[in-house]
Amino acid sequence: MAKRRIGILTSGGDCPGLNACIRGVAKASYELFDAEIVGIQDGYRGLIQGQWREMERGEFSGILTLGGTILGTARTPYRNMRVIEEDEVNKVEEMKKNYKKMKLDCLVTLGGNGTHKTANLLAQEGLNVIGLPKTIDNDIYGTDVTFGFHTALDIATDVVDRIHTTANSHGRIMVIEIMGNKAGWLTLYAGLAGGADIILLPEVPYQEKYVLEAIRRRQEDGKRFTIIAIAEGAKNAQEGAMKKKEFRASRAEMPFSGVSYRLAHDIENELGCETRVVVPGHIQRGGSPSAYDRVLSTRFGTYAAQLIRDEDYGKTVALRGTQVVANALEDIAGKTKLVPSDSELITAGRMIGVSFGDE
Amino acid sequence: MAKRRIGILTSGGDCPGLNACIRGVAKASYELFDAEIVGIQDGYRGLIQGQWREMERGEFSGILTLGGTILGTARTPYRNMRVIEEDEVNKVEEMKKNYKKMKLDCLVTLGGNGTHKTANLLAQEGLNVIGLPKTIDNDIYGTDVTFGFHTALDIATDVVDRIHTTANSHGRIMVIEIMGNKAGWLTLYAGLAGGADIILLPEVPYQEKYVLEAIRRRQEDGKRFTIIAIAEGAKNAQEGAMKKKEFRASRAEMPFSGVSYRLAHDIENELGCETRVVVPGHIQRGGSPSAYDRVLSTRFGTYAAQLIRDEDYGKTVALRGTQVVANALEDIAGKTKLVPSDSELITAGRMIGVSFGDE
Amino acid sequence: MAKRRIGILTSGGDCPGLNACIRGVAKASYELFDAEIVGIQDGYRGLIQGQWREMERGEFSGILTLGGTILGTARTPYRNMRVIEEDEVNKVEEMKKNYKKMKLDCLVTLGGNGTHKTANLLAQEGLNVIGLPKTIDNDIYGTDVTFGFHTALDIATDVVDRIHTTANSHGRIMVIEIMGNKAGWLTLYAGLAGGADIILLPEVPYQEKYVLEAIRRRQEDGKRFTIIAIAEGAKNAQEGAMKKKEFRASRAEMPFSGVSYRLAHDIENELGCETRVVVPGHIQRGGSPSAYDRVLSTRFGTYAAQLIRDEDYGKTVALRGTQVVANALEDIAGKTKLVPSDSELITAGRMIGVSFGDE
Amino acid sequence: MAKRRIGILTSGGDCPGLNACIRGVAKASYELFDAEIVGIQDGYRGLIQGQWREMERGEFSGILTLGGTILGTARTPYRNMRVIEEDEVNKVEEMKKNYKKMKLDCLVTLGGNGTHKTANLLAQEGLNVIGLPKTIDNDIYGTDVTFGFHTALDIATDVVDRIHTTANSHGRIMVIEIMGNKAGWLTLYAGLAGGADIILLPEVPYQEKYVLEAIRRRQEDGKRFTIIAIAEGAKNAQEGAMKKKEFRASRAEMPFSGVSYRLAHDIENELGCETRVVVPGHIQRGGSPSAYDRVLSTRFGTYAAQLIRDEDYGKTVALRGTQVVANALEDIAGKTKLVPSDSELITAGRMIGVSFGDE
């Protein structure tokens, strides 16, 4: 088989498993065909600005367990959508130009929904693109799970576990804000895993009166404390999701949405009980990937190499049941996998007494 | 709806998630119908010998994160198959008698393949039985995953990670024996997650010459060390699986099969390089369940309560894709879910350079 | 020996090791003399308000690894000093009255500096008191280390570790706010353990210009990122420590001092590089105690029982070198063990290139 | 100050904190004087055989959290004492010759008791040597603690914790063999931290009758299980420590002493209760150092650099109380810091009901 020259980039927020996945792509490519691998620095920004270098085989060894990404990442160009709209054609043209300059046979992009949207755009422009579904939010359409989610779940659950002892010892209400702006998967899983009493998700708008009622009910049952797991994008049914800018407390941007502080304040005001907020923030996306994520990332990466071998481009890799499969980029780009409001997970939560603040 | 009286037992080796699952069954039962719950002590042994007590609602709180089982467990009656053959009718009769004596409407059994075999037997005898698939081996037929597996994977992978530093520092061959007599799921996943160089499974008979070759190839590539993950039931293609009794080194039973020591010995003899064996043993099944296992156990437990509500007996709970479903006990009893020799996981392993000792 | 009736309370913020220490006091007391143990609820508040109950031997089993405190805790009465000043005599009188009502031979108080101050007050009023030094801040005078500190160090270091991968992947400045209002022990240790580049402590007033210089120096050396570990009570040499009330961003109290946000804002403004803040907050004091803290708590608790046996009251337990010893309450009450500005730990930090923002 | 050329080697079993300590020596040396650093491969073996290379500043970055040793290690030459005796002069001469060939101003050796013995020998031969006390056994004379011990304690305690759930669920006796041939520090600390019921140490010869009695007493108290933490070098008062060769069960060397199996066998025989053995083995010395060990290693390493700056050779670094100090090599070489049989830790253990098998 002819030589294949593959560009790889990682885009969006960093996420456990990126390096394991890069390693999978690279090792399997070297195994399956005559591969040359080009590392593109800091996501699409590097593709636009032309920052890359050829990598050597040895660079992909020993990175299975390493957190973050050896390629660097950035949120450009989708961070500020308006800028993109203005410059879109140019940015895309730069990316196409650089793709040619690098003499790539294929571009592999590891990222979340924004990354896949751009990947699809590039595919429609005629580039050979393969996507890989990375995000701690687990909200990429068409795959049962994304890599990074399990690790983030472990971390967020450890936070809920630790807060339990403080809540119990002090007889407090604890409000824990968990990452997830649009999708509540991480909050839902970590809330169930940590034994949270109230779980508030973007997909299930809550009313404060129901939250207060749930706390009161626990107090009447003699419980000293209540744990609330709230997604940063949780929606108050009356007020809507909080705007981040409303809540800029200070001169630097905060790593939380404010929704947790507003709720905590109202609970203290209404019920007069000591209420504290915990915002684990970026620790949810850092560190070595969990065992499951290492395996998933490896499977995904090696599958991508097979797609390249077969010149089966315009696809993204996914897990369906126990099988790794491929979806067409155009079928999944621009979509978000949300928690269905009748999800069996929510039903399970209700059956063990969790309140979702909606009734 | 009329009152339902439910007996619960946990059988077989202890496993993370048992208490979380018991809690799910109990809390959802109290929520869904007028439930009375009877805890049966030490698995089927307690059912045979009539050791049980009525439990209170409060006993199911605070056990989500607790390792082991609050009900106790035992390997009877399937531990020694010959004894069962002789006594089978009587044991079954005792169980039926006690089921009636307890005035149960349903018996919920949490366990692995042996447990499900007995559960099916009791269902065929006319008892209302629901099974729940617990095992760190992940080898129950009809479910994508069992609870306990993910936690064991985390532990086994942590072992492989730690051994990496010793192997590298000393320039050694390290042989790590991982639990799994018939099925190699745990060894396969932990081997891939920990970056093992050679993975030996019950499902893929190995030849020592290929193992030695794989080590030599690494040495020629300048690698100081080799990590071998071997299942306790791994099969040497020439000699077959080692018999435990052959390997009783001493007066007390050992917690390992000996297959690892035999292999290590042969490697030292043939290649003259320092080789060490690590047998993590029972720590693979102990401790608090992982976040994923807590959620899975809770989903399984609450689903079982729904089956009871619907009087849909003779079933066991399973995960298929992202959905919890029910399988008929008779469809899965007596079967074992093995790693297919053409498993995509094995293919992924081969593509990143793992040797399975078979070529 | 005559019967001894012992009251135990835990006061101040919850802290890993409290239950292990209570267990040590109780088990050793039962072993050493004819003990009766009275559990006082929620710290001094329970002593003032008369909330207690006699405990049974079995209640002290199985709590070695349990986070938090089975006795509950509260920050009264020293939380609001003015209230204390007004009511002081009465509160003390209530405590003395209840001590008599409970017929105690000795009161054992587990807590930090505030707790010890009150303990000393009660000792001066003629009660038999024994103190036990608990705090994640490690700032109790007269002991090399307090229990809880090692566990908090593990947690805070894990946070710094995880943030490293995000910082590196995104090329960011990360500011991590670690607990410690007066004493910087936790920030200093976690900063060194996590490889922080800049460490800012209450004991070493910093100037922003030196912080900015240290970041610039790293950038000139080609480093993509900088990690700053800052104590919540870190002092800006120009402005002094930030007042919490200045920084009430919102309606509910925040779990951080704001010093981290102010610094992050100034860095972004001055250097134009993406800067993020992480405030792990209460997770630093939650969860199961570390192995070291379990041993230390047990040693401290059993030593307290020996002091009671010997009627050697008015003391607090301490570690000096490898030995557990006793200090007179009056010698340590009202003092705080700060990090000396010429501490060998700071010198070690400087030698490996850490900036303390003071030069 | 004139240039200093420093050789570094790590010797003996690998141990968490070696890289953190190497980093401390190197970074502080570059800071304090004009340093050149030579890495000697695989301990004294590399010094004897002349395997070394000059290292660059960048190689000492990013290794703080890395397990094992970047320099490699080996147990030569002290593993087989007889060989040493025969060859001693020659080996020493080779080391002296290579020291000169490398043009070293100082040799820094990181290791345990064997390493220090050799270091002292070389110092007596006129070389400038600095020792650094590394060992998970914590048995180096003259220091309160060695680096590596705290990490091993965390791992061993995690093992005891996990075994607790199995023991309790199955109602078993569990015998856990913990590393430590001569000194029982690790077993003693992990036993206390994990809540072991019986702790058997090399320093406190045990009699099986007392072990059996302790188990029986627990059974009479209604306890379902017993956890025994036994050091690999634990001494049976009647029979003495087990010889490893007596217990070679098979063709390859086992990573345990056999003392645990013999005891387990006798318990099953005498009491008829299910007894299982767990031998965590090498995992006790692998993986990333704990937070405490990273700080301690860094302090020790930077202190060594100060000794070199001051040309204060023939010393080893130690912790006394809260201070890092230096001991003369000749004062500590050939000695072992054992657990005193009247240790306060043992007393504390007895007071909470632990049996040491000696009464």
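Residue numbering begins at 1 within each chain, and the chains themselves are lettered A, B, C and D in the order written.
In this text, a residue touches a chain if its C-beta (ideal position, glycine included) is under 8 Å from a C-beta of that chain, and two chains touch if they have at least 3 such contacts.
From a predicted model like this one, the values you see are computed outputs, not experimental measurements.
Of the two interfaces, B-D and C-D, the higher number of touching C-beta pairs belongs to B-D. Centre-to-centre separation between chain A and chain D, using Cα means, comes to 42 Å. In terms of their C-alpha centroids, the spacing between chain B and chain D amounts to 34 Å.
Computed centre separation for the pair chain C/chain D is 31 angstrom, with centres defined by C-alpha atoms. Residue positions 161 of chain B each touch two or more of the other chains. If you sketch which chains touch which, the chains form one closed loop in which each chain touches exactly two neighbours. Going by the touch rule set out above, the chain pairs that meet are A-B, A-C, B-D, C-D. Contact residues on chain C toward chain A in their complex (touch as defined above): 10, 13-14, 16, 18, 42, 66-69, 72-74, 155, 158-159, 161-166, 168-171, 174, 224, 247, 249-255, 258, 261-262, 264-266, 268-269, 275-283, 285-287. On the chain D side of its complex with chain C, the touching residues are 23-24, 27-28, 31-32, 64-65, 144, 150, 153-154, 156-157, 161, 189-190, 192-195, 290-292, 294-295, 298-299, 302-303, 305-306, 320-324, 344-345, 347-348, 350-353.
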